[in-house]
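Chains: A, B, C, D and E, in written order; residue numbering restarts at 1 for each.
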Amino acid sequence: MLDSILFYFFAGVAVLSAALMVTRRNAIHSAVFLITTLLATAGIFLQLRAEFLFIAQIILYVGGIMVLFIFVMMLVRLDVALHHIRFRLQRFVALIVALTLGGYISVILFWARKLPGQGLFIQGAAPAERLSPNSEQLAKSLFSSYLLPFEIASVLLLVAMVGAVVMAKNKKGANEP
Amino acid sequence: MHSILDPIISYMHGDGRVILPEMFLLLFALGILIFDFLLEKKEKHLNAMLALFGVGFSSVGLYLQVKQYNLERANPIRETVGLLGFHQTVLVDGFFIVFASLFLAATALVILLSVRYLDLEKEQEGEYYALILLSCIGMMFMASGIDLIVLFLGLETMALSFYVMTGFLRANKRSNEAAMKYLLLGAFSSGILAYGFSLLYGVSASTDIRQIGRMLDARLQYTSAHSFTDWLVILAFVTVAAGLFFKVAAVPFHQWAPDVYEGAPTPITAYVSVASKTASFALLLRLLTSVFGGSQATWLYAIAGVAVASLTWGNLAALTQTNIKRLLAYSSISHVGYILLGVVAGNEIGMVGIMYYLIAYVFMTIGAFAVVVVMRQRGIIGDELEDLDGLYERNPAAAVLLLIFMLSLAGIPATAGFVGKYYILWSLIETHHPVLAVIAALYIVPALYYYLRVVIHAWQKKPGQVPAPQMSSAQAIALGAAVFVSLAAGLYPEPFARLAHYAFGL
Amino acid sequence: MTSPGYFLAHLWLIPLFPLITAALMLLVGRILPKSAVSFFCVGSVFLSFVHAAGAVLQLRNLDPRVYQQILFEWVTPGLMPAFGGLSPFVADWGYLLDPLSAVMILVVTGVGFLIHVYSIGYMGHEGGYYRFFGYMNLFMFAMLTLVLANNLLLLFVGWEGVGLCSYLLIGFYFLKKSASDAGKKAFIVNRVGDTGFLLGIFFIATTFGTIRFTSHNLPDPVAFAGIKETLAAMLEQGRLAYGAPVLTVIALLLFFGACGKSAQLPLYVWLPDAMEGPTPVSALIHAATMVTAGVYMVARMNGIYQLAPIAMDLVAIVGTLTAIFAASMAVAQTDIKRVLAYSTISQLGYMFLALGVGAFSAGIFHLMTHAFFKALLFLGAGSVIHALSGEQDLRKMGGLWNSIPATSRPFLIATLAIAGIPPLAGFFSKDEILGQAFEHLPYLWFIGLLTAGLTAFYMFRLLFLAFFGLSRVPHELEEHIHESPKSMTVPLAILALLSIVGGWFAFPVLWGGESTFANFLAPVFRRVIPEAAEAGPQTALVDFLLMLASVAIAVFGIWLAHLIYIRNPQLHAKLAASWPRLHKLLVNKYYVDEIYDALFVNRIKDLSTGFGLFDAKVIDGIGVDGSAWLARVFSSISMWWDKWVVDGLVNFIGKFTQFLSTPIRMFQTGVFSSYAMFILIGLAGLLLYYGYHMQHHMQELMRNLR
Amino acid sequence: MSLISHHLLSVILFTPLVGALVLIFLPRGSQTLHRIFGNIFGILGFVVSIPLVRYFPIGYKGFTFEESADWIPSIGARYYLGIDGISFLLVMLTTLLGMLAILSSWAAIQNRTKEYYILMLLLQTGMLGVFMSLDFFLFYVFWEVMLVPMYFLIGVWGSERRLYAAIKFFLYTLAGSVLMLLGILALYFNAAKATGMHTFDIPTLLAAVQNPQYAQYFPESLKVWLFWGLFFAFAIKVPMFPFHTWLPDAHTEAPTAGSVILAGVLLKMGTYGFIRFSLPLLPTDPVLRSRIISVLIFLSLVGIIYGAIVCLMQKDMKRLIAYSSVSHLGFCTLGIFALTPQGLSGSVLQQINHGISTGALFLIVGILYERRHTRLISEFGGLSTPMPNYAAIYLIITLSSLGMPLLNGFIGEFTILQGAFVVSKAWAAWGTLGIVLGAAYLLWLYQRVMFGPVTHEVNKTLPDMNLREYAVLIPLVVLAFWIGIYPKPFFGYINNPVEKIVHQVNPTFYQRAALPSLVPSNSLTSSTSPNSASTGGK
Amino acid sequence: MMSPAHYLFLSLALFIIGCIGVITRRNVIIVLMSIELILNAVNINLVLFSRIFGDAAGQVFALFIIADAAAEAAIGLGIIIAFFRNRETVMADEMDLLKW
């Protein structure tokens, strides 16, 4: 019961703020609603007993990524572009396409429920109490089975770092204030 | 005797051996990033040297892997799939080896092409070469990974590097715009792909693609026996396919390609069109063969549809292009159509054909772009068809090379492109897809038309008042290598055919 | 086998002499002096004549009088199905001398020699002297090949060869457009006939398995089968019978070919125009020899014709109709050579009438006599023209009887001969034809008789207009009227002699003659099947009456001509005025040329234009308007349709797809969100398709499971 | 020496290529040097083919001078050369015309001489390869490779609309050949299924198709598809009626030598392909076969007549000759698809003839073009006066082209029509109509160009032919006479291979021979013996 | 916990909303954020499955996806800055130099 209340709460917040995020005109507002969504998702993670991810989501996403976003928004003076949002035909079409797709996938998922195990491989989830401590399990997995991805991720982040530096660097002489 | 090297040596005999080439690349990438600080502005091209060394060492590493793999293959007692490592998340087999050699070759060629180009663009920086090497690492993991996570991270490493490299000419609006579009669309498609991966994990409880494949087969058996439609798997397939089709630029997921090709620095255009596409095909093939192999009959026509659409769209759109890079972008879309037709055939010859086609495609496309790179001079971008006018008078060697690459791209015999198409058509005939074969064959004709447009500009138009493009020696080497393979794989295809067979352990 | 003698053994030399000189003339003739040209060319023809005469003499010693000589195998393209299974198709290069070809080579070389001699004088002042003689000798070669050929294909070589020489010689004055037009017309009309001939050859080849006339004198008659023998064998086995359709078809096709060459209805139109050529050419080619090739060919194939009664009748009818038709046209012509040309056509019609009624030897006999007197007429006309410095219009002649006696006397003889006045050559041959016609098809005889009267009329009209009455020659020419040189008048004299005595080879039996000529030719024209009830020999009385009738009508014709053109010179104008339509019709030659132009020539030209447009517009599309598509206009739908409909394959690929590529470009808007939308649409599409397909797949699997 | 004699075909094949390579290294500037070297290798290309004449066994049915080496073992493609009587003649025609074409362009080509000669020589190699290959893959490679130099010859050295013509030529022919590629693949694949061996070996493949043992692998429907698959490539190359429109453009715009090669050799590749590949693929089922044959014959006949009629309206000499090629090649295909020994023999001979006559016609027009730089008929007239020798040679070639006996064209046309006649009288009848029209347009052309008074002042001083032009044309004239007068040696080369083909393709033709003759042999003998009563004794 | 379908629908909803954001928003920063939303949806899936299977792989994957999202954001924002510097805009429909 509590589960379902929690779920519906988090899910409701997540979906609602996501919807607001994509519809708000003001980019800062959007960012705030995204943060709300991410926090709600973190709640879902917690409910799914992924404590480590819950923390990671809050720290990394909300604390790191979103700050970056807002920082950039400040930098690029979004207010100039705020005014002329027109609802054009293309957007209308786009919306229809997306919603159709969503509806279609929903139907698919709905039908998938008829499958044994709701279309998933294993019937019920393991009871919560039998789960080992999440962080430990994650760490074990991360440093044994998924050691290589871990290493690749470091390369990925290196790329991101180098890339961000390259991109943000002012070209010498070109646009020097 | 114990020495400090012992752990390294033992590592190299264990997990280390399966990522040897990647390790070298990473080392040199880091080396470049550090070394870059030490260099004067005029010496920045030494970074390229270093990067080439990296590729060289990586090749040596690859060669060591080849030797080990061959040894294991030759072992009569134990059936082997290849060199496994890291808890069976990477697999070094013929498939990887051939793809990795293609990546390395493409990387080396692109580095060679870049030096003078970056000089002209005044963007000679170490990060560029580092990113090239890093993206190559990503590609290699896309070919060697047999774990969804490895594959995804490899893909992202490659993709992120490409976003940056596309926008490397920061002062250039086109470059900015291309990078922006590439990034947004790429990230979007990665999201879709990730969604698909998550579903794959969901339906099989594993991230090992071999395990996933087995699971899907079991599910297929089960669902067909009970006449269910396995919608989750379908959804997973569709999202994964959409993500990958985006990366290979198949219609209707292709639209980033022309814009990015046009906006990116030309060597990077070559790299994107060649390496990124090849790597994505490596991934696609891995997934389609080992994950979705069992349900081939169900997705066959979907892929065929995409392939035909790519052929049609690519060829038709290319007809009216006036920008060579855009033209080649559309042409590369049509090439994707051909390669996907090989996937449709899906038999041994089809696979060999894809491999051969990719080998040919890498070299002829890089060659074609290399000519465009050569056209870049101070004050002239050189990527419009008019810029080619009278190339034959201005630089006959470049014109001849351009001709050869264009013919090869069109698939005229005695060039590599023909043999590639030949294999694809063969596989289609063999798997009884005559209609597809006819479509594929007939599209050679409009394709030739637009390739000829390029040739006409270079050979049959009068030159304007533009200086003769000069080839740097690095570019000459790159062009030489490209033309060598484009011709050799057409005149004496045997070694290349062997290579293509080798990729599939044949 | 005993040696057949020098001349027979060297039969192949007969056509070779003129060939050599022809080649010599055409290669190096330009640098030779005229005397050398005359020497070589006339000499070679003379040599041929000598050899021909020798060969004929030696032939008389053979029994049977057939000599065949195969030089080499010529066309050997492999097997074909024919009589008795497969047989190799072989055309030899071989010569056959039998009585028929003997007559022909004598006529050809004899008359040919005389005309060559005449040409020395006639062409003496013309440019291209060497060329003229080269062509003439080439013609001699071709004509001799034609008559000596031992098979149909080689005959066809000669056939085409004479056609070519005719083309070249008609167009000898190539600066005149009418001349080159006439040459072309002759060649093409002949070609039309040749289609029939060629098809006839094919029929013969596939029916008999051979195109050789006879296997006489050949080592292995089975391997070297001949038409004659095979035909006999097939008759014997009952595989062919009298009136067999295939034989009729062959006969008709060959006759169609003959119509072309021998200027019969409906293909005679080229011959009058052919008079554009130099007069000796008209004499040699268009009177004496070439035009009779058709007669020769039909006679040569008499074995088949005898078995094809329908074809025979048709030959006779066409011949007769041509005879009267051409004669009627000759009445109104004012060009001296054209009158003679129509007369030639008419006389050829007689020959075909003879062939058609089965009187082959009569036909050949008329061929021979006609060669004499018609050559004479032409040469005489040439002499007149020479005398008048090129004037050919009868209305501008007259009163030349005494000014050029060496021409006018022989001309009179020839005119009498052609009119059929005994005892000149024409009388005997024509009388024999009419006699035979009366026996077989009396109504044709009647037409033939009318024609004889017409012939006498128009020939004497010609004679009167040219040589008698008041001179209408323009004054500036009058002074220049001169007799021709000896080289021209001597041949005239010889031919005049021949025109008189030529007929005596076949003195009518009635007159106690022996019909030497017919007997000589008899082995060639032997009946293939003995006629069941041979009509009893005509009574002498009938023969006599017939003879009388033809003489009478000839005399009547002469009288009429005299009445109209001498006694009452104004009469013909009145006559013309009282029947204006008829006159106009005749003057305009029944408008046949115009009708042909309207029916065929112009239609083919229209077709050509139409096809050209079809190529350009339909198959090839708007290649002409290539710049339009280069401009890449965003065309309206109608334009698009136009292009599409009229566009062919290449331009379809080139342009239509290029057009298609334009809307494609509309999708490449450069706007990011539309790209992203495309990704979603693609995703949805894949999903839709896949789901749909999967469902079917499942159903199928289930069906299979059950 | 023995090395050369064993690899004679390779030597012939690669001599031009070597020439091209040598030319690459010549300096760009000196045109005379290019011309000299180009001509040396052009002549050399012909000279090395002369030993073939000496050593080729006349009447040999199968392939000889075979050479074989592994090329792409993984797909079974080999470097496999060999010629039979048919390809022997075509090879000789190619080397001869190649030499003459190169010789003819001495003065005509003034720019980019080096590239010109390189491309001519490359083209030569490509064409020879097509006729020599006994490996389908190799064949296809040569078939397509040759398009490239031809494209440039038209596109760079052609006249005003060269680009259009060149692209049209390339695309048109490519469209056909890609379908052929599919046909080849299907054949290859099914033969591999049947024999268990992947090979492109042409004799093996074609034998497999016809082997009744493998009938299940080659059902009739497949043969039909294969046939049509290959058909387009050849039909476009020939070109047969609705596929002919590239030809007038290409011929007209190409430089003289290009037109000569196009008409003389390239078109023959189509007919050669028909003979070598299409015929064995004909289905054996009589209904299917007759359906195919009737379509092809119909197209051939339409081509004959259509081509001839269109000629009549042409204003451009080269265009006219180009259309005449459509007509003449119609005869060739008519002969081929009559499926009789005569038809085929005639067709092969007519291919040679057409190469000689039409090649010569293009050379002749080229001579005028070189002097006046126009090809419009109306620009000429009365040229017999300033150029008598030219007129003579032109006349001979015209006559040869319109089928005058004692010249080559007649022998071919006659034989073809005879062969067609055996099958259907109507075919031959329509074919003869083409002969009439042929005379019409060729003579009309000749008349308009050569006869009459000289209408244009410029034409009055046109020089007659020079020595080089004689050297180019005389061999063709001699050949025209030779084939016309003594074609037996040519038939000697052709007949037996043709017989072999007909045996394979149309065995019913020979079954007629196997039937007991309706005529007792003795009756024939007796009735025709010289001693029989009917004809009298000897 | 709830039935898996609930979570799947939740993730789907976020995914679709993300997609809508990508295709309808002109502001590239918001587009980038929408993409983050999509990745977030993926994470819900992964964590869900990980929970069901009692297996850490899904969570590991999710972790890497967060890392990837961070990397993408970093580079994306870098490119946005570079773009803005040249063009003074971050509107997607003003990226129209490259078309056709």
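In this text, a contact is a pair of C-beta atoms (placed from the backbone, for glycine too) under 8 Å apart; a residue touches a chain by one contact, two chains touch by 3 or more.
Source: prediction; values computed, not measured.
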| item | value |
| --- | --- |
| If a chain touches subunit D and subunit E alike, it appears here | B, C |
| Comparison of B-E and B-D (more C-beta pairs in contact) | B-E |
| Relative to subunit B, chain with the most remote C-alpha centre | C |
| Chain located farthest away, centre of subunit E as origin (C-alpha) | C |
| Most central chain, judged by mean C-alpha position against the global CA mean | D |
| Separation of mean Cα positions, subunit E and subunit C [Å, integer] | 93 |
| Whole-Å gap separating subunit A and subunit B, where each centre is the average of the chain's CA atoms | 30 |
| Between subunit C and subunit B, distance of the C-alpha-averaged centres to the nearest whole Å | 76 |
| Whole-Å gap separating subunit A and subunit E, where each centre is the average of the chain's CA atoms | 6 |
| Subunit E residues counted as touching two or more neighbouring chains | 15, 18-19, 22-26, 28, 31-32, 43, 48-49, 52-53, 57, 60, 64, 68, 71-72, 75, 78-80, 82, 85-86, 92, 95, 97-100 |
| Sites on subunit D at which at least two other chains make contact | 167, 171, 175 |
| Touching two or more other chains - residues of subunit B | 149, 153, 156, 160, 163-164, 167, 170-171, 179-181, 184, 188, 192, 202, 205, 223, 228-231, 234-235, 258-259, 445, 449 |
| Chain-level touch network, classified as line, ring, star, complete or other | other |
| Touching pairs - complete list by chain label | A-B, A-C, A-E, B-C, B-D, B-E, C-D, C-E |
| List of subunit A residues in touch with subunit C within their complex | 90-91, 93-94, 97-98, 100-101, 104-105, 108 |
| Of subunit D, residues touching subunit C in the complex | 161, 164, 167-168, 171-172, 175, 242-246, 248-249, 306, 309-314, 340-342, 344-346, 349, 382, 384-385, 388, 392, 399, 404-406, 410-411, 414-415, 417-419, 421-422, 425, 428-429, 432-433, 435-437, 439-440, 443-444, 447, 450-453, 485-488, 491-492, 494-495, 498-499, 509-510, 512-513, 515, 517-519, 521, 523-525, 527-530, 534-538 |
| Residue numbers on subunit C that touch subunit E, as the complex places them | 665, 668-673, 676-677, 680 |
| Parts of subunit C lying in touch with subunit A, wherever the complex brings them together | 671, 673-674, 677, 680-681, 683-684, 687-688, 691 |
| Touch list for subunit B against partner subunit C, complex | 180-181, 184-185, 188-189, 192, 223-225, 227-231, 234-235, 237-239, 241-242, 245-246, 251-253, 255-256, 258-259, 297-299, 301-302, 305-306, 313, 315-320, 445-446, 449 |
